[in-house]
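What follows is a short report on a single structure.
So that you can tell them apart, the chains are marked A, B, C and D in the order they are listed, and the count of residues begins at 1 in each.
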């Protein structure tokens, strides 16, 4: 397919600067249209669940401690190798987490650690404003990570047994998921309720979804 | 001050009255950290030496020490304007190398995010290209649509820029009805937005003066310079990897490849504008044809991949005419090499993998279009004016993250 | 024409240079000796219209075993846009201490930078290359990073950085106010 | 006494003009912002109304950096030349009947002279900074001024021929009081040439080559900082106002309007100048930038012949009617 060019400017168009006037008419129209920008510090951007923001260790509502079992899967997969874990065996021979730290300045925010965690201990919250003037405060140890989780719960208003449903990937069969990720999810997160190609614009096949009405409104 | 740094422009006898200008690496129009050493006669460029490497992070060496799954995050940082397209390119290559099947739904999702990435990249190209030539209003109009797509990315995979969306054998997340509704609305509104940009620049006499006939590339010259993508198609060479070596679900979709004739800046501009419309058509088809099913293939590997071969390597299974040995066999991590190209917004992004039957690539080479395009700048930049050089850098659509790797 | 026919044709014309023809995951590659690489590329470009050079790079085969593998090989991935068929040439570079192969910049100007990159990262030099200099690493970089012998962790800094630190140390002896005082005294003298 | 009154008038005029400069920058940022579907300055004061004051204070207290290799006296002098010449040309502008500091007979010529001198400041700035980008900016400015002084002068010859005077007050008076007797209609070609040359003369888009941001970083003001940078900035905006005033006086009938405003005679004049300024900004928001040689081509091959044609037609008009 050859590209189509607009017709060449004719003499009248040249004399009366038609195309320039058209452009100026557009900018003049836009002068009175509502702005699209966001006044950032006052107006926060929309955060979707599953945004890969600040790291946190989920505080187990039962024990008030981290859920981490020290399996090292996150430290193994981490592409930037920024997770450091130390475990020790307690008297009963059970692995107990001694320290867990994440260097947020080295992290590339890929979310692999959350994806491989078998118990849903590490997570990434929707907090994104945690810039700091010193490096030490961005070197999260276990307490800091647990505190991040509390902070996130406070800010977002979730209950303390909140589990981010985003980390149970949509569109995967239940059987393929680790136990921690087999959680109760809304209907359209399962394969049965997934989006299947339709012509969204044709009235006949209009899907009966609550979102549809809202979006069109 | 800098005795250690040698000026790369060779100074010969009789050159003394040339005006030498080092444009970049910190310059508003060099799209990152490109440095161009110029030799000027007035404002005409006699010689032009692009210098790269300011953003060299050694991805190819890094990749040799990380597993195939981990390397995925490196590709986000190649062409950060279209990280999704790089993800897809990387995964397609690794899947070819390790012989992993992709589920049908994941193929369509990949095409969808690829085309969304193409739109974000082309919109940013349009914005900066127009800004380079001085039309600064197009910049924000293009960002308006780009923002919509970025938010869709954020909703889909949790990140706006470095998406890390694809996985070996599939993708990370399925789409929701909401995302598809938003995408559908975007697809419907987008052609009107294109018309808006075109009102400002398409027939504008100043835009035409700055673009028509500047830095023309003939078909032979384009092939000689190894240009790809819109830069090559502007010269009329029908080479689009999506058509030539279809990957993901491109062979099931109906779209056209726009071709130019003159190969000048205006032709390339028109091609990218047409490509945006074609991407829009592909997105529409993705919405309509999205098949049901799982988002990963049946034999997709776990994210934590074993680093030793799972099956015994059996090369030399059958011989063909003495010298030709077919060593093809279904075996993960078998020795061998593949080159898989994908059509990213900047051109042909190729991954050349050599596997030595371990869980890490023995050698990963990234054929980055930006690197080759900047190499071509040396030829294209000769004899034009400084203002044209800026336009040429813009029209080649280079990203230094991809160039320097 | 299919890749395999092209490979056979290539073998017919350069019988001694083709060491082996492989196919892996449906992609054909010919392992060739380095001597006639320019002629081979020219033959493929002119006779089989392989006018697009996808990729040119090198591989260090130090820790990888193969029948014909030399220490370094140079990969040429060629593609014919007209016939929609590709072929990969893997030229084995004989000399492992001072690897050297003919440049194909006379066929593709675009190979210029790709060869410079191979030289920079792998240390393979190209004969008749117009401007064989480092491209990604600084001009005074030591070693070639993609060689398998290149140390991942060093205990010395890059000389450019140590120079810079030295300079900074020298300059930090004079703080801002002192320089003015010194200038003043010099003027008085 | 007479001198004191004039001094007082000068001070009042300067104060008003500088305040206008400050708020033209605000106006420009706001208008371009909204044309680009964003908001422009919003933080300092209500909708950023105090932004220009904040900018002024900031640039006043910023460090005045002088490059080591610069030609110091010239480097320091250049912004002063720019600003002083632009301020001087304010003296001859008639804002209303009798509202003029120096009602000299060669007002138009004086303004040409002053605006040429201002470009001298730009060239000096480009040269004295001893930087490559500023040098190219200065060279571009020189070429631009030489090419565009000519069509600008020629475009106004038609006006001079019709009014028979170089005195700006005379030119306004000769246009009469009604809307239809302004020189815009008989001198439409002249006005077009004047308008384009005016954009080029004030280094505005699409002719902002001396400071082309994406090509020459910031052109001739790359090395300047603090107050000296602000002086260039002020000179540019005063230049815009002076040129807008000339356009108003020569083509739009000066202070005459559809009906007189009782207590504030320059009302219409100021309104027309604001209109011109809006046009400047509007064009900046819409158009790309010409290339250096294309600019020359436009000046020499299109505008000068057009201006000559205009003179010829005006002469014919004068001779036969």
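One rule holds for everything that comes next: a residue touches a chain if its C-beta (ideal position, glycine included) is under 8 Å from a C-beta of that chain, and two chains touch if they have at least 3 such contacts.
If you're wondering where the values come from, they're calculated on a predicted model, not measured in any experiment.
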Open item on the list: Going by average Cα coordinates, which chain is farthest removed from chain C?
Closed with: D
Open item on the list: Can you work out the whole-Å distance between the CA centroids of chain C and chain D?
Closed with: 56
Open item on the list: Please tell me the distance, in whole Å, between the geometric centres of chain A and chain C computed from their C-alpha atoms.
Closed with: 39
Open item on the list: Averaging over Cα atoms per chain, report the distance between chain B and chain C in Å.
Closed with: 21
- [ ] Express in whole angstrom the distance between the two chain centres, defined as the mean CA positions of chain A and chain B.
- [x] 24
Task: Sites on chain C at which at least two other chains make contact - done: none
Task: Contacts with 2+ other chains: residues of chain D - done: 35-38, 285-287
Open item on the list: Two or more other chains touching the same residue: where does that happen in chain B?
Closed with: 137, 140, 144, 200-201, 204
TODO: Would you please name all pairs of chains that touch?
DONE: A-B, A-D, B-C, B-D
- [ ] Under the touch definition given earlier, write down the residues of chain B that touch chain C in their complex.
- [x] 4-6, 8, 52-53, 56, 58, 60-61, 65, 96-97, 99, 223-227, 237-239, 244, 320-321, 323-328, 335-339, 341, 348, 350, 352, 354, 356, 362-363, 365, 367, 371-372, 374-376, 378-379, 404-405
Open item on the list: Which residues of chain D touch chain A once you look at their complex with the stated criterion?
Closed with: 31, 33-39, 42, 282-283, 285-287
Task: chain A to chain B touching residues, read off their complex - done: 1-6, 9, 14, 17, 19-20, 22-23, 26-27, 30, 36, 46, 48, 50-52, 73, 76-77, 79-80, 108-112, 115-116, 124, 166, 169-173, 176, 188-189, 191, 194-201, 207, 209, 211-212, 215
- [ ] Within their complex, state which residues of chain A touch chain D.
- [x] 20, 23-24, 26-28, 30-37, 39
Task: Complex contact set, residues of chain B against chain D - done: 19-22, 27-29, 42-43, 130-137, 139-141, 144, 200-201, 204, 206-207, 209-210, 385-388, 390
